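Every chain is named by a letter (A, B and C) in the order it is written, and numbering of its residues begins at 1.
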Amino acid sequence: MKKAPKRFLVVLIAALSVFLLFVNAYAKEPYKIGALLAVTGPASFLGEPEKNTVLMLKDQINKAGGINGHPLEIIIEDTKSDETQAVLSAKKLLENDKVLAIIGPSTTGESMALVPILNTAATPLLSCAAGAPITQPVKDRTWIFKTPQYDISAVEAIYGYMKKHGISKVGIITISTGFGDAGKKALLEIAPKYGMTIVAEEKYGPKDSDMTTQLTKIKAAGAQAVINWSVGPGQVVVTKNWHALKMGIPLYQSHGWGSKKNIELAGKAAEGVIAPLGRLVIWDKLPDKHRQKALLKKYTQDYEALYKSDPGTFGGHAYDSIMMIVEALKKVGPDKKKIRDYVETKIKKWPGTGGIFNISPDDHCGLDKSAFEMVVVKNGDWEILK
Amino acid sequence: MKKEDLLSFLIFIFLIILLPVISGSTYTLTVGIFSGINALVAIGLCILMGYAGQVSLGQAGFYGIGAYISSILSVHAGLPIVISAICAMIVAAIAAMILAVPALRLKGHYLAVATLGFGEIIYVILNEWGPGGPSGFGDIPHFGLLGYTIDSTTGYFYLIWGLVALVMLFSINLINSGTGRALRAIHDSDLACNAMGLNVTALKIKVFILSAVYASLAGSLYAHYVTFISPSSFSLFYSILVLMMVIVGGVTNLWGAVIGAVVITVLPELLRRFEELDVLVYGLILTLSLMFFRKGLVPILIEKIKKLREFAVAKH
Amino acid sequence: MLTVFLQFLFSGLTVGAVYALVGIGFNITYNATSIINLAQGEFVVIGGLMMWFFAESLKLPFLVSVAFTILSAGIVGLLMERLTIKPLKNPDLLLMIMITVAVSIVLRGVLMFSFGKDPYVYPSFTEGEPLSIYGAIIQQQTLWVIGITGFCIILLFFFFKKTMIGKAMLACAVNPTAAKLVGINVSRMVMLSFVLSAVVGAIGGMAITPISLMEYDKGPMLAVKGFCAAIMGGLGTNRGAVLGGFIIGILESMTAGYIHSGLKDAVALIILLLILFFKPAGIFVSKAMHQLRKF
């Protein structure tokens, strides 16, 4: 009685081993990509939806058979919104994990710290941060690309709209972090081009509770509109303060405003707030023919089904970075230089969440102000302004 | 130098030389580089705390001064890096003096509060008026001397740890000298020292300046390694981190500062696998080690070694 | 002109009230134990987030939510004291402070894990139009914040000056051995001080969240500013912390308003340094009393 089951077990194990060996011989090498995201720390607003997007896409791609049969492996490292950590994590990904390309990091500061490292390692970096210095000057950014729109493009969208509506005196209020600072520089730089006069420049910190002082100053300086440039709770506090003060002049936000959560948190104070938003946030208001609509719809619905919240503007940057690399891998295979060349030359009229990309050797970002729609909050929802 | 110190020092040199040989991975070496930079700051703080009995919660300020001044001078004024770093150390020393003179008149831990204020003010200044503001600035040249630039990870590793070794040598000699003994006396009783004619305040100021200079050197090395700096690396968080390094390593022992720096720098790397939980685990490890290894890792290790020796001797 | 000035003033009062409550929290712990509890800021965050949890997520009635939030904060304070402070025999003060820092990291980690990184908000305690005084508006919630702070101060005053327990807590800080000799259960007083300071912090968080939202990492900034408030007024005196908090809040607002908003954060620190260099005892503490203190 004892011998029979034992022998059977041995045969079973042997068969299984042969089977596994068989299968393994045919299993294809995974394609490894690194993702450096600010999952924790002050920039986690960016890193969290980016990470969720990365995980979701990885599963979708692998379920559909991988890339030409090769499974896609994405190694995510948390940079904790810190440059030193970004450097360490990048080295780990390049050295230990030997990734083919890296997407991220989430912030401009971290991206800048990585520029020399990725250039030296001859590995493509598709940053999810917006700062212009990330991809300029192009001749020193051979391996560096970015998928978010330029801050200048968002500012141009705002100023263009303002000019059409007879506004020429603006007060700006920005957050004292890299994001706000980049916005401020862009706002100041392009103001003359659109005939704008900046009558007040105010700032606040990331954890400040009340901005009525700054807004009062802006009103007193004679501004016809207020522009707030920040991400995080600051946007909501400014909006609530603006509403409570009954300032009487319109409030414009940066493209960081693009998340339903902000409308929810600000409540009725959000009515009438205008911002240039990437189409990801307002996909359902687009005409069906629009080239981005289908992918925006799928991405948003898949994300919401999986994570029970909307991805907001920032998750989309990770989407664009990953999909560009995936496409490159499909077309040219696991070769770092070929991937880089593909991204630089073949991403043309490419619909992504950020806009329609036209990357070239002179522009490693490929988006301009047409990536934005001017949107107003109406009845607790977005409405595209004509 | 005392026998134990010499032995420790030789083992230390041996380890430094050995590491890049056993591990060619630039990742490991990079972790090593950051550990070394942190060690420099920690050693300065350790002398201040363990020997002069003063606490500083503002080392990040001097670290930031070192990073920014050195970078600004080498990028915008085109000065050679070594000169820029030295200028930064001078600025840090002056800042330390300005801070220390009134602050050291304060009782006990009020110096700590003053240093906290100082560190935060430096951060605000850097954030508001530093080049690039909160976005920071880059294209900082790699460390170089007389036309020879160090830009390989291994090279940088040896540079940093070589400097750590020099600083340790200097510091150990300081501790064992007359000045060092005076410092230890102050730690035990200000009053007694004053009674014996020791200029306590002058000595404390000197030590404070020394810790600032070490931190500034570390800051310059950091800037010229990462080639991009922004104010966020120089906040109160960093000051507290350095304090942790000294305490975890053992306030009363200089090697403790080095070991503490390595431990605190390496720990987050080891905790990567925990993903979101890593902050929690990090906090728990810190809390537990502060509670149960109060004296610090190095003193406890020394105790254990002594006990083992006694045990071995007793057996015979 | 007046309108603008008043507006700056109201803004300053709003944030000043929270700094004051944090400062008071520091004082309570310090008074009973001579420890500076650098996790004090985290209690404020707990107050705001737990209030959201009870009121918005579980949809409990307002007063019930308030009660539960206070209870939660008290429990956290209790746990912190029992698990990390009590077990240590004769600890070095510096070590204790470092432990509170480590605990604050743990608390932040737990909060991040439970609530994520998003900001949270719930409606103001009373809905309605803001009041207008000479053209400057003051939101109803701001009045609540200031009112609640005032109420806490009065309650604490009575507690420390008039009740046995309060006086016992003060006795512990001045001389724990003597306190023990007269029969005070020092260990229990220490525990109580942590619970009380946690509750006070949480109350601040509960009140400010409708105005400024609350996220998991608001703690450290509040701790630093609240600490400045406490030092400025004289560590250990609640009157001092209150005055310190409001002064810092108002000066920050005035600096942002009349000088430059980029300098706002430096204000609290510069005041701190000036106080330390010229009157380290703080505004309300006499030099003699200052010398008596251990810290």
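The definition used in the following text is that a residue touches a chain if its C-beta (ideal position, glycine included) is under 8 Å from a C-beta of that chain, and two chains touch if they have at least 3 such contacts.
In this text the structure is predicted, and so the values were computed from the model without any measurement.
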Message: Using C-alpha centres only, name the chain that sits farthest from chain C.
response: A
Field: Selected interface, A-C versus B-C, where C-beta contact pairs are more numerous
entry: B-C
Message: Can you work out the whole-Å distance between the CA centroids of chain A and chain C?
response: 37
Rounded Å distance, chain B centre to chain C centre (Cα mean): 32
Message: Can you pull out the residues of chain B that are in contact with at least two other chains?
response: 128, 276, 279
Message: Where in chain A do residues touch at least two different other chains?
response: 40, 42, 176
Query: Out of chain C, which residues touch more than one other chain, so two or more?
result: 112, 262, 265
Query: Which residues of chain B touch chain A in the complex?
result: 25-27, 30-31, 34, 127-128, 132-136, 138, 226-230, 232-233, 268-269, 272, 275-276, 278-279
Query: Okay, in this complex, where on chain A does chain C touch?
result: 40, 42, 44-45, 48, 176, 202-205, 207-214, 216-217, 220, 232-233, 236-237, 240, 244-246, 261, 265
Field: Residue ranges of chain A touching chain B (in the complex, touch as defined)
entry: 39-40, 42, 77-78, 80-85, 87-88, 91-92, 94-96, 108-109, 112-113, 115-116, 131, 133, 176-178, 180-182
Message: Considering only the defined contacts, which chain C positions touch chain B in the complex?
response: 84, 87-88, 91-95, 98-99, 101-110, 112-113, 220, 224, 227-228, 231, 262-263, 265-266, 269-270, 272-273, 276-277, 280, 290-291, 295
- request: Could you pull out which chain B residues touch chain C in their complex?
  value: 49, 55, 102-103, 106-110, 113-114, 116-118, 120-121, 124-125, 128, 236-237, 240, 243-244, 247, 276-277, 279-284, 286-287, 290-291, 294
